[in-house]
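Each in structure tokens, the structures are laid out below.
Below, chain A partners chain B and then partners chain C, in two separate complexes.
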Partner chain A sequence: MTTETKQIPCLGALCACLCAPVHKPEGKYLDTLPGLTAILLAFLTLSGLVLAVYYDPWHAFASVGFIGHEVNNGWLVQAYHATGATALFGLVYLYLFRAMLTRGYRAPGELVWGLGVKLMAVLLLVGWLGFVLTGGAAAYWSLFKASNGALALSGAAGAIGGWFFGGPAGSGTLARLELFHAVLAVGAMAVLWLLFAARRAVVPRAEPGQGVAFFPYYLAQYLVALAVFALIFSVLAFFTPHLGQPAVNALPADPLTLPLGTVLPWYLLPLAGIAQALPGIWGGILGVVGALAVLAALPWLDRSGPAGAKGGLYCVFTWVLAADVIGLGITAAARNYPQASLLLVLFTFWYFFHFLVLTPFVTAIEAK
Partner chain B sequence: MAETAATEAFGQGTESRRGFLTILTGAASAVAAGAVLWPLVDALNPDAQSESRARMVVNVADIAENTAKTVQWNGLPIYIRKLTAQQIAAAQAVVTDTLPDPADFTARVNAAYQNYVVVVGLNTGITCALEGNDPSDPRGDYDGWLCPCDGSQYDALGRVRSGPATKNLAIPRFTFINAAQIRLG
Partner chain C sequence: MRRFFAPLLALGLAVAGNARAEDTLSPLHFQSDGPLGSIDKAAAQRGFLVYQTVCAACHSANALHYRDLEALGLTPDQMAGVAAGVKLADGSAATLDSPFKDPAMPASAFGGALPPDLSSIAAQRPGGAQYIYALLTGYATAPDGVTMLPGHFYNKAFPGEQVAMPPVLRDNAVTYADGTAATQSQEAADVAEFLTWAADPNLSTRHQIGLRAVIFFAFLGIVAVISKRRIWREGR
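Up next, the complex of A and B:
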């Protein structure tokens, strides 16, 4: 940081902020997860802008094929965007799971935790919209079910659904969903920015004289984390560009023929499993909203208090919950065996049981 | 530790080991960022189909003498006319100084293929597609093209001779690949 840069006012303020020795040393590499998420969101925005140049919602499937076959490096931009979505949910799920394991959601981190859950909720919607935009058979099936379900509702819910989808699923539906996809992605960035601000407000600062500056200490840490992330991303993008995407989505949509195996991308599966386990449209909606609500309510369901001991038993139950969520996803993906419905109900029951019963009791007992 | 101190003492700025590592890391990062971002930039370049449309190859061997064919290129009507020997002689005989937009014969045709005239078939006054490609079309008084909209008249080389228009017909960028084919663009 030379004197020249300090003479430019905004750069000077930035330098002062980056060079202020206020951070505690020995930060964890996984603390970089929100930072990596921000970088990845910017990258997804760039690749999404390029795709939007050629994407035509009125001929969605054909234009996706055109991008892959005709546009210079279009296949790579598609792989960037699809793998970006996979990596984004990988980062967000890992971030939330780590906060559950380390119990970082407890006071004063409730707001950070709530914003993390909100970020995941917005990104799930953005991810679903992006999946629907591909216009393939699985995407059409999902849109068809969602829009028909929304229109079948009565009262205000049906009116909101009608406004969102603009009537039954057709070519014009994708034109508006493309816009919602982009706007909500910007909304996700705003939520992430709030998360950064909330985290900065509660993160413990170093004692005077014992802290280190972001530049160069934590910048180096970020670069190492980014390099590791980029390696994983490259392997996924180049070896499995369609990871977690249903294969039938490579078929064009035919409203009169819905092929078997029409499932969602991997990151939507656990929530879809909860929605499928509960009866009716309202059951599905309440299941999704409830699953996110109990997750957001975790700081208050945990009865151990801000300074309470971190018990081993609750840690085990958190790992069990992770297995439960993975089980939900796997079962929702492969529903063609008779026990699947029962398994979905069991996994869903355990999910809510974990948050509403186990969490308050086990944490209260362990805090004693 | 002693070694680090020695390095710090000997090297100043970019000459130290740390400076070298900084440059190495920065260079590697720049290469990586460029490699990641280049596909995004390149995706906005014209694709192969647009490139080939922008560099269109036209067969001119099938044009009869004294007629012109029309091809659409980059949204423009391109008139490719094959002159008769008589028309070439007549065009060469014109005294160019008397024309509204003076241009001599060599400025309007390719030196090696003097019997082909390639022009943008739009009137240079008000924009309007010209008539006169077929010998049976009205061609005006100069055996060239006539504007049906404002009555401007052009000769066989596309030079304006009368009417509201004051500029000669535009000549698109083109090259002769051989005697039978030209490439536009």
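Up next, the complex of A and C:
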């Protein structure tokens, strides 16, 4: 520790933190998922800042085209931002699914798990807002349905909806949604910071004398994870920049024409499937809120206790749930066959059945 | 308000010279296909000729400017020549935006069907260039038992098989300066390549950067794994 650390105290604290041999010497690569999420959020903020400089919410579709065609390397920043959203949801979904498989949500990790679900919920809203900002045909009709649905509600819910959308979807709506997109993205960073703090408090520490420091051991591990992530990201960004986005969104919105195939981006599809499976506006809202709520309640639905055995049967059911969620997404994306509505109801039923019935029973039986 | 575009026939192809195009029709393939595909500039230039001579009478390409043609290999003088050669019916200069200044006009003139803007049509339609080729060459006489809507044409590639656009491409609708035979299929394939470029002008660059990025990060990953193993082994 030299003189500059005395002058800048936080540097000394950082050095002490990085060099303290407190970490367990067996780190998993997938433990880097929250760290990668933080790096990606910073990357998305930077690319989003570049896009926001040129974006004009009053002529949304034209300005997205302008950024892609006329702004120097604008097409590249667009590909980064769109692929960043895809990669972000890939990381968050993988993080949550891994916590479910390893039962990392159990005490003392309930708070970390709850913050992870909250992070996903905020990011889903940010992702939808970003999708709507593109101003394409699919985005326009999604906003049209959401704002009309929100305004049709009575009482406090309608008032909140009216305040959020500022009235029926019009040219001014995107101007306020652009603001919400940016502010809620900062909110997602705050949630992620809380998640880091909560995780640091509960992560098991090494025995004295047995631990390793972050530098250089875990830094080397992070570099591997980052390189692999950057490799996957490059493949997505440069070879499939529109992965999971509806092709119809390349069409300018026309209030008099509802084109075929107006679906949401892939990361919103499972929740959209649950919303579509339940009747009415309130059905959709309660479906989405309930789906997130049962997910957040998982530490208390799992009856095996903090030290209970991890059974294989529940692990199989977790994989079945993953297949169920993928099925929800696929069915919500391709709704042009008559069995789709029935399938959506079945998949939605299984989702709630898994959390509310299977989870308590199977974990209680396996813990005995 | 039709646009007339005659003088372009004298435009020499900047890229291909007088070489004839290789046969991409049997089997049909596009140079822009696949993860490492790139825009075939000669085909896209021929496609631009088809677009300006045939398609632009009804379809706009709002996102394009004449200056964008530089990416297809045209010199500034050639681009100026192209732009100067395009006239509206009253003799004034024409841009690549809609030939119909009254937005209600095309719908009323074409049986309610609005000719879509073509600047990103290859990205909007599933199948992209393949779909455009199939649509432009898919006209046929309607099979028995199919009742045609008034003002519609039978086309087996179009969803619903009845399209309001008449079959506009025919053999020798244009004359290619590079000597390529202007068959109907050749014109359809060339205009499909042009529209692929219009929808994704950076396709070639994107694939080039992508290949380099993948190679770089693959090597970086190998180096990172080796260094991580060495650091962790020495630490024990």
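Going forward, the second predicted complex is superposed on the first by the 360 of 368 C-alpha atoms of A that agree within 3 Å, B and C clash if a C-alpha of one lies under 4 Å from a C-alpha of the other, contacts with A are read in each partner's own complex, and residues count from 1 in each chain.
We adopt the following convention: contacts are C-beta pairs under 8 Å (C-beta built on N, C-alpha and C of every residue); 3 or more make two chains touch, one makes a residue touch a chain.
What you see is a predicted model, and the numbers here were worked out from it, not measured in a lab.
With chain A as the common reference, chain B sits beside chain C without any clash. Of note, the Cα-centre angle with chain A at its vertex and chain B and chain C at its ends comes out at 50 degrees, rounded to the nearest 10. Contact with chain C, but none with chain B, is seen for A:L231 once the two complexes are overlaid on the shared chain.
Within the superposed three-chain model, A:V183 lies out of touch with both chain B and chain C [touch as defined at top].
Shared-chain residue A:V50: touches chain B; no touch with chain C.
When the two complexes are overlaid on their common chain A, residue A:V212 makes contact with chain C while staying clear of chain B.
Of the two partner chains placed around the shared chain by superposition, chain B and chain C are both touched by A:L223.
Legend: residue contacts after superposition of the two complexes on their common chain; A:I160 is shown touching neither chain B nor chain C. In the superposition on chain A, A:H242 makes contact with chain C only, not with chain B.
The larger set of touched chain A residues comes from C, when the choice is between chain B and chain C. By the touch criterion defined above, A:A201 reaches neither chain B nor chain C. Of all Cα pairs spanning chain B and chain C in the superposition, the closest are 7 Å apart.
Comparing the two complexes, residues 76, 223, 230 of chain A contact chain B in one case and chain C in the other.
Note for the complex: chain A touches chain C at residues 25, 65, 69, 75-76, 79, 212, 216-217, 220-221, 223-224, 226-228, 230-231, 234-235, 237-239, 241-242, 247-248, 250-252, 260.
The touching residues of chain A, counted against chain B in their complex, run 43, 46-47, 50, 53, 70-74, 76-77, 80, 223, 230.
By the touch rule above, chain B contacts chain A in their complex via residues 25, 29, 32, 36-40, 42-45, 47-49.
Considering their complex, residues 35, 63, 68, 117, 119-120, 123-126, 159, 199, 201-202, 206-207, 209-211, 213-214, 217-218, 220-221, 224-225, 227-228, 231-232, 235-236 of chain C touch chain A.
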